[in-house]
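Shown below is the structure under consideration.
Chain IDs A, B, C, D and E follow the sequence of writing; residue 1 opens each chain.
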């Protein structure tokens, strides 16, 4: 009886008891959801456009952020460094296409996945070689991003909003909107989806895989940069960030690998769900359930919709 | 559809026109070790329809893929020989460049984009075109008049359409690129008899009205030789016989093995009593 | 010329279905076994303890994963956790039964991870492909969490780590624990790995293995032929987790000597997955190639790089070796996407037609 | 040999589909179709593209579940079955878009058809010895018979992914035969074959039908093949049945000519 | 040319590199300086070889196996996880393990762990010192009753090590201990933990963080407006970069400390001239004198002094691992000795004995002033009286759990 009370009643009592705190939890969940969504967005871009599950997205985030901070440390002004980093991501996209995917047309998904894992290894080694392993501080202010926080008196308590978090949310939503339109409304967007379905057939109708891949990898690179800036501002820039990328997996899966809005909705469900779960139910089992709760949430959704919330229907026909 | 009077181009006509495609003595190896084409040469005259015939595994698909440069995706390589399209070497050109230059392939086994709708599939065919939305719309309507069934199913995901519908979609998609040369791999496969005829009529129409050249890999020899001007017969990766379509139709061996009109009338499938190990041109 | 099967005729289906139908292969395998047995004579403790033992253990874990992913086509990212289940099971078993031979306990502990594997395999009936990866990831992170949050598993040690107590058997040989010599552990590991590989090979070439491959290649068609998908998938999960569990127990008892929860983290899962893919999915031989590539090569690079070059820092060695590994992974995939095993196959086919370049 | 019309009258009803209706969202693929298949006959299903032929086969062996209607197989009525149950009951099939196990060799693909006949448990499988080996060899013998029958000895050990299309179709037939079915469903077995190969294939189909007594349902677009081989033909158009009868009847039916055959036939 | 060989299991890559780099630099540079300035120790050069572990236990063990054939004098695992792995191996291979102020607290019991050393203090000493400090802030141990003390820690061997002691003290002094574990892979994503902190409103926060966990925690604490002067890190959570990440808001953050900070010591100046200015090593000049860098130097001082002691005891110039063990066991760095080696006032005297391998030296509280660490309290003793019996009990328990654990056979050489 007691246990039932603790599981089914008490958490809600707590929520009502401290409504300001509950709001804060929701906000934190929202913010981490947005950040997860940003990482997931990079994955979705590449997956949607080429059927490649880009394992290297996490490391690209770190790589982009490190380049930015590193270039700034070399004495470049912040905006020049930002521009130079975008150029670097472009070069990376080009190199990735030339060296790797150009040769792996029409290979099974898992092979492409493996290739991105190889890329991950390479980028980690290369990144640490160039930038060193010590954590660096993100140049938030120099880039003109807001810092500081505002506290609101609501419901008899304080809700503290970090300005950088608000900026992150705005940027993420903008990106999702732009990319969403790009994919569904343009000629290139259609071609991208065709490539993801069947490389060989896409080639046969004259879609240039090379070009397409450079475009999406570049776009993913820019998303990675945005992600890197936002995450970097929250903690700092180091290779530890790479691990965060795993959080994007349940988001992706929940939203559906191919859906851009799915990334943001999935991100929010996961972000808010895991915060609430951790804060209100976590203590019952000793805390730390955040590490797997996201996956379990995703799993539950998947049992009802095996292709994720917004994913394309898995075609089963014979 | 308006029927156009059609006569196979005469010998002089073929000779007069320069070949739009010529394949010279190519060799293809899969997976580094499996030699599949052993010196295949063939020529498609500008505005001609050439049929490529042969048993299963003879290498028809491989030949077409070699031309359209899709072998790379199957880990195959052209190791010898040259391929010229409109007088230019194209072995090292990427497939999309070839499409842009006007040579497109309809792949065997449909290969529609399963998650895209039929209409989106057709539109991807126009990817390389730069002549504006209106022209593309017009051609889309044209494809729909060729294949009314596609219009009915235009909003369905291609992955869920029937085999024949997918075949139509694949052909229609190729037409959308406004090609000068189409490599057709088994266009009639899985189509209802009526449609088979219609497809060949479309081929003929495009050939006559728009001057599109065709290289046609086909098992329906009867049809193929009826519409083509010239034919090549492939056996185990070699060209074993070639000639004017009319001439091939009269060839005794061709009649026996490909047309089924050996001596006298059509045999009934029921009457084929034994699996005769039949004579091959090679072996 | 050397590698020809011409003239080797088989008169029975038994002979045709033998594990190594070609004489040269039989000679080859005998040679490899002989080398494996003789390695300790020349190898230093370091080679045994840090190269050979982990190499074999990883190869076994890779076989486990390969059963699931390579043969049954179910992508799993939870290998590390399943290995952990085996390790903790073995640890608990030896706590309760200190006198039972540790080798037996290692083999028994796999049963526990098989059971857990089945539970996490249940969703595979509905969820497929990359989406299934999430289930296994849930398993990975949930189990990892359990390894920390259930102190009973590590006998309430403060550090949440388990340490291998000294265990002997087979007439007084010290098999596990800090005092056991690498050579003993090497032979034990070798024996287990060879035995398990043999058993798995048998299962693979029988109808159960075929069922798995059917599910992998086209699950709908398999179902229409009469395969029960649930049974087939769960059996693959069970066998795979069993093998991974045994490998995990061996990893702790015969190699590391101790483990913390983070030893079975997602990193381990990925490491094994790399080995499986790079070696070649759906090939047992590939598992050994993959393990050698991902485990042995970096160790060699780390030990060799400093000795060839000029003075470079330890971390530079690490960076460079990572870059090299990454580049090599890409290189091999570009050369042969189907893994080292396929490369080997092509090599053999080339040999077969030698001196001609192709058949 | 008996005349086709004669054969059609004989034999009990092996399978009957009764008022089947199947729709996917808005698409009505099959509308209220009934027909039966008698033991020992070759029953052709023809119709224009998208008529619902493949869907019909899918309904019969349980891959699609019809919204309405009943299936009676071997005297048992059912609304739906699981695909593997259908296989258990003795229904085997080939597929329009080749559905071979691409990662396996020809031999393994055909052995896969024997899955239901192989029951040795895990223990013996591990050892691959004793009963397991005996069972394996027994089944291999059966498979080799089929391989001989279909003349595909040369490609026994070739991975099917490398085979040309026509041979893949033949391997698929072999796999279906390996199941020793009562009812064999063939979905366009001769698509993409030239005449010679079609003749071979016809021979195989007839032999299967006559020597093994297997009942066959055949979808095919080559009218020559259909008319020559089949005992009775059912014609679907746009999901509806428009004709049913012996080949000659069907061929003369004006609806069929309009919807499917076109004037020239 | 005789040399002595010391492998350093360092990590300059991975998520813990932020803490690992200054430590490794400090350890490395001190020996480089001795080699350059004095020609080694007792005339014998020290060969230092780093082996990159990435804070990964597997790799750590591999480093150990790979180097143990080269006659190493002593191992510095720099990871509690790796230390735990090496403890049983060390007594078999007869190589001492020096886990300076980390690792297994119970290893201070020299009778049970003759090959393991953890001077100058164990984690339990550290935890007790922090509680003692808090009690002083509150005006006495009695005032701890009813207080809430939060404990945020890296959920690994390292962060879990002090929990038994903290629980013990909580019971004894009646304060409530709230635990906030941070999983290794969630180090940079601590918002849940800090939300919980915000809800629970603990009076003090104690942190056992390492690597990327530290700067993130400091930032989060600033974010929820936790009073920074009530946020106390263990000595490993006191990297200059860790505090710097919190920006202006981090001012007031405290860390327990074992040694002085800043470069105003003759020995450190020698490092500057002989190593950094000479272009050796990888230390950027700004790092010299930072807290974790000096910690690395301290670690090397302990080794160097033990080597000297061993040379003295055995009369040999080139000593081996067994001699090193004896040297460590007889180690004594008195105030004069600190002065002699150019590190006067750097740290209090350290004495190790055969039965006490830790020494339980004095510690002090440092505070971040927004730019650098400053000494906030006097040097004070940890609660030795409480900790000692617990250590003894823990060692006993370890032996029971790891039966059969070898009896100590090594003779006691020193004092």
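Miscellaneous remarks
Quick note on the criterion: a residue touches a chain if its C-beta (ideal position, glycine included) is under 8 Å from a C-beta of that chain, and two chains touch if they have at least 3 such contacts.
It should be emphasised that the depicted structure is a prediction, and the values quoted were computed from it without experimental measurement.
Fewest steps needed to get from chain B to chain E, stepping only to touching chains, is 2. Using the contact threshold fixed earlier, the set of chains in contact with both chain A and chain E is C.
Of the two chain pairs considered here, A-B and B-D, the higher C-beta contact count falls to B-D. Centre-to-centre separation of chain A and chain D, using mean CA positions: 48 Å. Per-chain Cα centroids separate chain A from chain C by 32 Å.
One simple way to say how far apart two chains are is to compare their mean CA positions; for chain D and chain E this gives 75 Å. Shown for chain D are the residues in touch with two or more other chains, namely 63, 95-97, 99. Looking at chain A, one finds that residues 128, 133, 246, 288, 291, 318 touch two or more other chains. Residue positions of chain C touching 2 or more other chains, listed in rising order: 145, 148, 220-221, 224, 266, 315, 318-319.
Listed in rising order, the residues of chain C touching chain E in the complex are 44-46, 49-50, 145, 148, 155, 157-161, 163-166, 177-179, 256-263, 265-267, 299, 302-303, 313-315, 317-319.
Across the complex, chain A meets chain C through its residues 53, 99-100, 103-104, 107-111, 113-115, 117-126, 128-129, 133, 246, 249-250, 253, 257, 285-286, 288-289, 291-292, 295-296, 298-299, 302-303, 306-308, 314, 316, 318. Of all residues in chain D, only 24, 27, 47-51, 54, 96-97, 151, 162-167, 188, 191-200, 202-203, 206, 221-225, 228-229, 260-262, 264-265 touch chain B in the complex they form. Interface residues of chain D facing chain C in the complex, by the touch rule stated above, are 61-63, 82-84, 86-88, 92-93, 95, 99-104, 108, 111-116, 118, 120, 122, 125-128, 132-133, 136-137, 140-141, 144, 175, 179. Taken together, the chain C residues at the contact with chain D in this complex read 12-14, 16-17, 199, 202-203, 205-211, 213-214, 216-218, 220-229, 235, 282.
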